[in-house]
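These notes open a run of structures that come right after.
Okay, so chain A shows up in both of these, paired with chain B first and chain C after.
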Partner chain A sequence: MSVTRINVGPIHPSTHGVIRLVVDVDGDTIVNVEPHAGFLHRGVEKLAETRMYMQIPPYTEKLDYVAPMSYDEAYVAAVEAAMGIEVNEKAKYVRTVLLELQRIASHLLGLGTLCNDIGQMFTVFMWTFKDRDIVLDLLQEATGSRMFYVNMRLGGMHAELPPDFAEHAYNTMNYIEKRVSQYETYVEKNTAFMERMRGIGVLSSEDAKALGVAGPVLRASGVNYDARKHSPYYMYDKFHFNPKVMLTGDNFARYKVRMLEMKESVRIVKAALKAMPEGSCLGMPVKLRSPNPVNRTVSVSRELPRGECMMYLVADPQKPYRLSIRSPNMVNLAAIGHIAKGARFADLFGILGTLDIIMGCVDR
Partner chain B sequence: MADEIDHGSEEFADARQEMDQLVYDSLKSKEMKPNAMFARLSDLAKSAKMSRTAVTWARKNSLWPLQFGLACCAIELMDFGSSRIDAERKGYLLFRGTPRQCDVMVVAGWVTKSMVPEIKRLYEQMTEPRYVIAFGECATCGGPWWQSYNIVKGIDEVLHVDVYVAGCPPKPENLFAALMKLQKKVGGSIED
Partner chain C sequence: MKIDRGQLTNQVSRLKAAGFDYLVKITAVDYVDHLEVLYFVRDIAASKDEILEVTVAPSDAWVPTIMDFHLSADWYERELAEMFGITVKGRATARLFLEKWDGADPPLRKSFVWDAQYRTRDVKK
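Now for the complex of A and B:
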């Protein structure tokens, strides 16, 4: 049989950024997929070496522009670890709440674009974007910005939460919980959706471990690993929650893990709001001179919406000597050749949708 | 193109009034009479005096953007098309997958050196007249990445830009304003 080579992208008419895939197909069956990254490369790690410590969050948060706060927090946590700064008690709760809200917003976008990718154009997309906007409103209330926040300071936050935030957040979480259940019902009763999800793009747990995939993709393959649970930070060990694991490792499992995670996030937000202590959550104001680092080399691991990220920071006085980022999107994208092998060509975009990659983070 | 239309002229005013009346009547009668409307429009278009006006009127009210995003601002672009803003109610946002059907390219995101040939190629595939909106700081001037080794400092180094939108990222409402401005420009009431 002859193998045809098809070029997909880099202007892929979808929602995952500029990615180029070179696909070898035999008839309609994929023989090989080779992702080409680098169309969005702008040298974040190199730029970080020329900036002062607290000038860098605006750069790191543009890595994953669907969940900016998570990267913001991961970087600030690395700097805190390098400088030996303790996060104050209330800020821990506030960060937990905001990070989980960000996770919900990110997964909602993921669901909407996934449904676009497999051809259910714009119905679910419209719904999830409406709900995402509601969550973003909440984040805007807390931080003052809609998309890029830069609200983390060393040891705390840049401002207190508004007085009625807890009530708004609680109401919104009730609403989101209801909506997520509705999405599950709508989407999973749709035969076309299920046909394109079940049993397609299977990644076994051995392969998932060997390829080093991260986050929901890893958990969908039956590996019970979540950095929030297994190397807990902030308040995650205080609240009862379980990493959501599916065993099948197919498209459906990856979709379902995200839906279950959203419900779990809702629970965590509610619990954190209930347990939030009194007092101030303010951190150190941004000053020209930051405190000198006490640890030269730190590595911080965080569970972002798309998987586990590691920030490796070699600290010099005033600015990083080296900042290295382990991006979960990069490893998830690299696995696509393995996952898509043997699938139909049309299913490639379903698989890409369930991997839910963000090219800004892949290319850095 | 814009300089050929005299907006003060009576012809222009009359033609525009007649077209607005046509649309208004057909909407008011609750039963669209597209045939009558299009027949009249094509009459207007056939007459040499009116053709420019009629074409401009049609062009400015059917700006179709290219489905094309680069980075963060593309997420706001998606939001622009989704339920809260719902740009389609104004006729802007019939996102097309192929550049050959498009009038507007919204450059949303940072432009790297490796993307420049691709963007140029897309732009050249678009049919004339074609318009470019630089959406956000990065497309306008390089944004926070201006010191990076792989960044083009604004898409205007490569293409002619019609409307700039500031913000990092701009709110979806800002794109609405930008498209309204572009409409005015296409209609000829703003000079380049």
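Now for the complex of A and C:
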């Protein structure tokens, strides 16, 4: 056996951010992959200790810049738990809708970049990017911004939804549902796509648990865990939400779980829009001084598009004493050495694409 | 559950045998007079979490590795070492995880003062 070492990155079109992979190959079979993280480390956890509570969401949002609202909500939920603030009834529905829209936008981009990674350059990416923009239009209507929202307030939202939002969202969800089915047909009938998905990068359920992977990667390996189901928050338990689980643990399973999740998200958004109560969803206005915490330590779990994030907050008056963020992307990236071992070098990027990592979240 | 660091591996092993076979995360908090290392483990089937809290003195900051039970502890333990200066005994010395800090205090210790460190660095440049 003669091992050649190949250096991928730190900047590479297929690396989903700034990451360096040191890959040992024998011929074109991968022997070992060692990911080097840290290029996007901004010290958000330390920074949080120097800021007032409601000055922090703009930082936490930028951890996962493809699904910023999900991180925003996870942080605000931790602060609400520490301060004993109850979210108002309508805001629970509004948050459920917006978080699921964010999940759809994130998964659409994930599908596009996955197709890029395995060499189907920019055809599917352009379609999904266009559809993601339509979802972002909705988020813009609701929040006033397309990328970074900062729209969560303690106990509610920063603004009411526009009057025609429900109708617009309902029509968009019909369109997205149709498009997701079309994407499934397009890519799953494509031999080049399927050859690089089926049976590649298999992760068994035992290994998935031992490696601590999260979110769609965990569920694709047959482990039925979704924070939305197992520690339900907002309106998820009301809509009979079921986690999407696949058993094969390969690239295809990881891709398919995300497609099924998009359809489930469409269903949840429609149900939440239909059941949304009257009234106001406004939270507390942002002031520099926040209410004092009633709980010293809290940990809050949220199912982000890329997996479970746990915010562990040690609360002092006005500022966090310590904010610890469990990054789903970090655990998924850490598993790549195990998943890619024995695969061919060309499949490394397909595997990386199905892990769908965001480096800002890994490095924090 | 507060435990002594000498019991850590036994407790992790016991919990794993009892179904808590998924490590959610390891983190630490610097309370200045002591450091608290937290291990979050989960029984996925029963949807139950357990938190193990190990207290160590800043002058004697080490914990045993739990990589024999949870492979996913690897990156978290590297983070503990780098961000909190907590030595993890019983495992190979890990390479740098996130960032090189110019010999200053570990960044997530309270003795590392964010603003002052940055000003000092700027002046040095």
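Observations, loosely collected:
The rule we apply is simple: the second predicted complex is superposed on the first by the 363 of 364 C-alpha atoms of A that agree within 3 Å, B and C clash if a C-alpha of one lies under 4 Å from a C-alpha of the other, contacts with A are read in each partner's own complex, and residues count from 1 in each chain.
Everything that follows uses one rule, which is that a residue touches a chain if its C-beta (ideal position, glycine included) is under 8 Å from a C-beta of that chain, and two chains touch if they have at least 3 such contacts.
From a predicted model like this one, the values you see are computed outputs, not experimental measurements.
When both complexes are superposed on chain A, chain B and chain C sit side by side without a clash.
Contacts of A:Gly155 after superposition on the shared chain: neither chain B nor chain C is touched. When the two structures are aligned on the shared chain, A:Tyr59 is found in touch with chain B, with no touch to chain C. Within the superposed three-chain model, A:Thr50 lies in touch with chain B and with chain C [touch as defined at top]. By the touch criterion stated above, A:Met147 is placed in contact with chain B alone, chain C being left untouched. In the overlay built on the shared chain, the residue A:His41 is in contact with chain B and with chain C.
Legend: residue contacts after superposition of the two complexes on their common chain; A:Pro291 is shown touching neither chain B nor chain C.
By the document's definition of touching, neither partner reaches A:Pro232: not chain B, not chain C.
Minimum Cα separation between chain B and chain C in the superposed model: 6 Å. Overlaid on A, the two complexes show chain B and chain C touching the same residues of chain A, namely 38, 41, 43, 46-47, 50. Listing the residues of chain B that touch chain A in their complex gives 67-72, 74-76, 78-79, 82-84, 97, 109-110, 112, 114-115, 118, 122, 144-145, 147-151, 168-169, 171.
Those residues of chain A whose C-beta lies close enough to touch chain B in the complex are 10-11, 13, 15, 17-18, 38-43, 46-47, 50, 58-59, 62, 65-66, 109, 125-127, 129-130, 132-133, 146-148, 359-360.
The touching residues of chain A, counted against chain C in their complex, run 37-38, 41, 43, 45-47, 49-50, 209-213, 223-225, 230-231, 299, 308, 310, 312, 314, 321-322, 324, 326, 330-331, 334-335, 338, 363. Residues 21-25, 27, 29-30, 38, 40, 44, 47, 51, 70-72, 74-75, 96-99, 107-108, 112, 114-115 of chain C are the ones touching chain A in the complex.
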